[in-house]
Amino acid sequence: MKRLDLIVSERELDSVIEALDKAGAPGYSVIRPVTGRGPDTYVTEGMDFSGLGANAHVIVFCEIEVLDKLRVTINPILNYYGGVAYVAEASPL
Amino acid sequence: MKRLDLIVSERELDSVIEALDKAGAPGYSVIRPVTGRGPDTYVTEGMDFSGLGANAHVIVFCEIEVLDKLRVTINPILNYYGGVAYVAEASPL
Amino acid sequence: MKRLDLIVSERELDSVIEALDKAGAPGYSVIRPVTGRGPDTYVTEGMDFSGLGANAHVIVFCEIEVLDKLRVTINPILNYYGGVAYVAEASPL
Amino acid sequence: MITATATALDAGLILANVLSPKVLFFFLGAIAVFLNADLEIPAPLPKLFSLYLLMAVGFRGGMALAKDGFGGQVIPTITVSVLMAAVIPLICFCILRLRFDVFNAAAISATYGSISAVTFIAAESFLQAQNISYDGFMVAPLALMESPAIIVGLVLVRLGSRQARPGSDGTGMNWGKVLHESMLNGYVYLIAGSLVIGFISSVYSPAGVEKMEPFVYKFFYGVLCFFLLDMGIVAAQRFKDLKKAGAFLVFFAILMPMFNALIGGLLARALGLGYGNALLFIILCSSASYIAVPTAMRMTVPEANPRYYISSALGLTFPFNHTIGIPLYMGLVYKLIPSAA
Amino acid sequence: MITATATALDAGLILANVLSPKVLFFFLGAIAVFLNADLEIPAPLPKLFSLYLLMAVGFRGGMALAKDGFGGQVIPTITVSVLMAAVIPLICFCILRLRFDVFNAAAISATYGSISAVTFIAAESFLQAQNISYDGFMVAPLALMESPAIIVGLVLVRLGSRQARPGSDGTGMNWGKVLHESMLNGYVYLIAGSLVIGFISSVYSPAGVEKMEPFVYKFFYGVLCFFLLDMGIVAAQRFKDLKKAGAFLVFFAILMPMFNALIGGLLARALGLGYGNALLFIILCSSASYIAVPTAMRMTVPEANPRYYISSALGLTFPFNHTIGIPLYMGLVYKLIPSAA
Amino acid sequence: MITATATALDAGLILANVLSPKVLFFFLGAIAVFLNADLEIPAPLPKLFSLYLLMAVGFRGGMALAKDGFGGQVIPTITVSVLMAAVIPLICFCILRLRFDVFNAAAISATYGSISAVTFIAAESFLQAQNISYDGFMVAPLALMESPAIIVGLVLVRLGSRQARPGSDGTGMNWGKVLHESMLNGYVYLIAGSLVIGFISSVYSPAGVEKMEPFVYKFFYGVLCFFLLDMGIVAAQRFKDLKKAGAFLVFFAILMPMFNALIGGLLARALGLGYGNALLFIILCSSASYIAVPTAMRMTVPEANPRYYISSALGLTFPFNHTIGIPLYMGLVYKLIPSAA
């Protein structure tokens, strides 16, 4: 099994989840708010009041085939809006 | 060292932590609320007001022996109540 | 690429982020509050009102060189104040 | 029968209720979901509102109880309420077994045996707006009706499911844990505790009570509106869920409360309650729990699908009672209760 | 020109404004950042405050509208406000293109075309403290000025950027999504909905409105202070950011609001508004959005750097308007509006 | 000696205090922990309550100070308070060294030298309920007593620990950082800032202050109850911890406040304070910090175990003062202070 960690803006969360559902991910977990810094952006909780929100951290445990589908749908979102996606190995307890 | 990621309902958190303590985990960290979807459930923050709560994400860095003990105590909880547990490699910085 | 997971008290977060910036980390993400137990401490949300705070979870995806620099700056903080730091493999989606 | 009472009087009551701020804010939340507006009340704000509402309603009940005492209808009414929390699940179970397995039928039944504190609060507001008086002791059942409903629900599971349950090896049903969860659920505990505190401090600390009053009165209705805005969002999300659950549950979630209201109305008459207390008693019977009972069911009957018991209570019964139910039951009260009560 | 009006009268107004609790709490937050004090108002508390403020200000506006009706200046004033939300971005764009690319210029322009609800609320408080009356219908533009500003901003991007935009392959600008986001942004929706609820329930549920009053009035100013404490923190953080953005934007963020205020003042005079309404109209023109517009720009013009459009609105225009702007514009109103208005 | 004053009068005072809503809600929280009820007030709600309480108490103090001025006992009382914040840790240190190492002894000492704002607020409520007047300037020490206690604590560590400390290589004690943390701790800053704002705006913006009043008065006691509900939970959790710390600390956490109260009472008499101010002065002496001091100790003396200094202050001294302490000290005041004061 693989583990995918996605960190995207809360604003893009809906599209990311839609992509996960379409790619057949068996499940996912979402943690928010997440703050942080990337090459382009600096996200604090400070803008919370504005509806602009912070980031969300999405964790997906899935088979490698799901990742192949996600690569097509999620990478364009990340390239356009920012955010990161990393894959690691994981095995059930 | 190993890294264990558990995602369970907040309602089962106490039993999970008890199991960790008994198995001799050197420590653990808990993040909540976590929302998400699994094969059976769809958990949002929406029920927060009701005390039903959302999920919790538990991270444990431990030796492989601890995992062997946890397999016995935690897997039945996950099978009965739902939730996921995945193991990965990790080494101290 | 490597993935670094740091769990430190919210009180030390500023020093940790400073160390990340100095070491040239391309970015980082912060999740809080995080509760938990370590060899020395037991951290709950209970002290939230006091400004003492709970823990924070910092995730960094970076090259191995950054880790070498961080080892020098972050390990003393962890030794003095407590907290954990683990490294794992990660590859971009 | 009840529907036949929807006369001009009822229509007027329904309009007055539906156009009150509290119901309009509920609609505002629900419409946001249907229009897909980006309105969100993040955790733990809804919890803040519900903690406040339960604390205030308990405290106010305690104050009223201290003023009015335990005489007259107090003990009989509370006793009958608790009995109803046990009887209603039995009736519901018989109906629900037509379509659902034992686990789901029992869990939904327990849900309808218990009460919705916020529906009760909304009915109080409705009475205040109509200038109809009611008594503080009616709050007591809010804390007392959860446990019997849960226990009956679990007895039904135990009796109904012949084969050994998967969880019976220790992770499963554990009566001590069940009783604990049903009586020491945080919200049940808070409302009961606040009631006791309101009572004690009314007697021994009038100065303290006076300082508490602006908090529990002035502020109350606004927080209720805020909370109902959130409940509108949640109910609408659940309503979407409910469509998948099928027509049987949809009918159940509307007809059952009306049937329970009718029984409640007859009992209120038998108890000799006045207009206000009668409406509140009916609400206790007809409303369904979305707090302690779902939590206990989730823990003890994981075989039941929360989609059924939570969505029916929140997605239909809750909005129905808040909009049409309360004024409809008021019309019923006017029919059933002799005017000099 | 405006600066020349800073007479003794204005100095008095500025002092009265700057030494009011709301502005002092704003300073307290800002100074905390500069002193590096460990003061933090964690999420989602600022959201709680802003939800409350928008709900209350909308509801109060609806109540006032129900009392005053839609006659007289109501329709013309609202119409002109909406036009201004479209015209101001065009003016801003011409100026900003001197230094910024199309994307950033359009995003900043949209921001200044729209309004800041909290600046509006602060101006209402100022008027109350000065005992100057104003009308409830002035709240309506708070909900109506976001969309035109966003749409004009996006038209400018479309016209200005000749080459195909990277996102035009589906992830990019999508007019349906844009309109949705601009009109169904949570805050815009909440303020519009609360306005409608305040209006409807004033007519049909006076008892409900009465119970709502302590919540929307008594409590309001304190929450405003709390929120401004947080805004002080955020503005100071953004102000640090702004220094990197260069002198042009710094000047723009102060002179543009003053220029817009002047136009607003002349229009207020033409519309025949009284002192209070005139000030509020000027605030609508001169304030800049930090809610719906940045959110929409973030989604639809990711090429623009949020540092520019958010930091200029929050880091400079917001504090300027709250401290010096409001009393300065009041001085302008006294100059421009015939006293018998 | 103090215990001997527990006459019938004291028993009456204790009962009136213990049966007030605020103390009953504290018990409700504590009992929840012992019964293992599922009651939880999630972050950041406790922070919301404490921010509000400190803001309101500071603002009210500032208003009172503006009304009463700085004459008479103001300067002497504040000066003696600050001195006590430095002297009490020295006394505590001598006692604690009997059982604890330098680090723990110093950290606990600093904790007891400083104050608990919520105990102070509860004492104000007690005085109001007893119709005893007190002065607004007594709030000033709330902001002034943290820093001296912290500094004395750190001097004790420096003098007491002969060997080089592990952290002295840069991560360790840094006087600039310490002073910063002790004076610019968020809560200390907020209370001091609100005091100044209350003062300034009382003088220059009476209209603003008037609008602030419902927020800082009407709402106050209810939020205090809510916060004490949470503190009951936290204190009970800490109390469980404390049992592991041994009998010495348990005795210390109860006897030391009583001893400090006695000194405080004698000083209050010497200062010529009236009943109300004398009680508040005693509370400043006898209460222990759970805000700025633990935070500073955590950062600068990580060798000390937070279990000791936090659990003793929160798990015992806090509940003791809130229940028995305040009325007991009132009895002491009646004994020590000449009635015509």
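In order of appearance the chains are A, B, C, D, E and F, and numbering begins at 1 in each one.
Going forward, a contact is a pair of C-beta atoms (placed from the backbone, for glycine too) under 8 Å apart; a residue touches a chain by one contact, two chains touch by 3 or more.
What you are looking at is a predicted structure, and each value in this text was computed from that prediction instead of being measured.
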Chain located farthest away, centre of chain D as origin (C-alpha): C
Homomeric contact chain D-chain E: same or different residue positions, threshold half: different
Most distant chain from chain F, judged by the mean position of its C-alpha atoms: A
Centre-of-Cα separation between chain C and chain B, whole angstrom: 20
Length of the line joining the C-alpha centres of chain A and chain D, rounded to whole Å: 39
Residues of chain D touching at least two other chains: 38, 42-44, 47-48, 185-186, 214, 218-219, 295
Chain B residues counted as touching two or more neighbouring chains: 31, 51, 88-89
Chain B-facing residues of chain C, complex: 4-7, 31, 34-39, 55, 57, 67, 70-71, 74-75, 84-89
Touch list for chain D against partner chain E, complex: 15-16, 19-22, 24-25, 28, 31-32, 35-45, 48, 125, 128-130, 214, 218-223, 225-226, 229
Parts of chain C lying in touch with chain A, wherever the complex brings them together: 1, 3, 26-31, 59, 61, 88-93
Chain F-facing residues of chain D, complex: 43-44, 47-48, 51-52, 55, 59, 180-181, 184-186, 189-190, 193-194, 196-198, 200-201, 203-205, 207-209, 211-212, 214-216, 218-219, 295
Complex contact set, residues of chain D against chain B: 42-44, 46-47, 49-50, 166-167, 169-172, 185-187, 227, 230, 233-234, 237, 290-292, 294-295, 298-299, 302, 306, 310
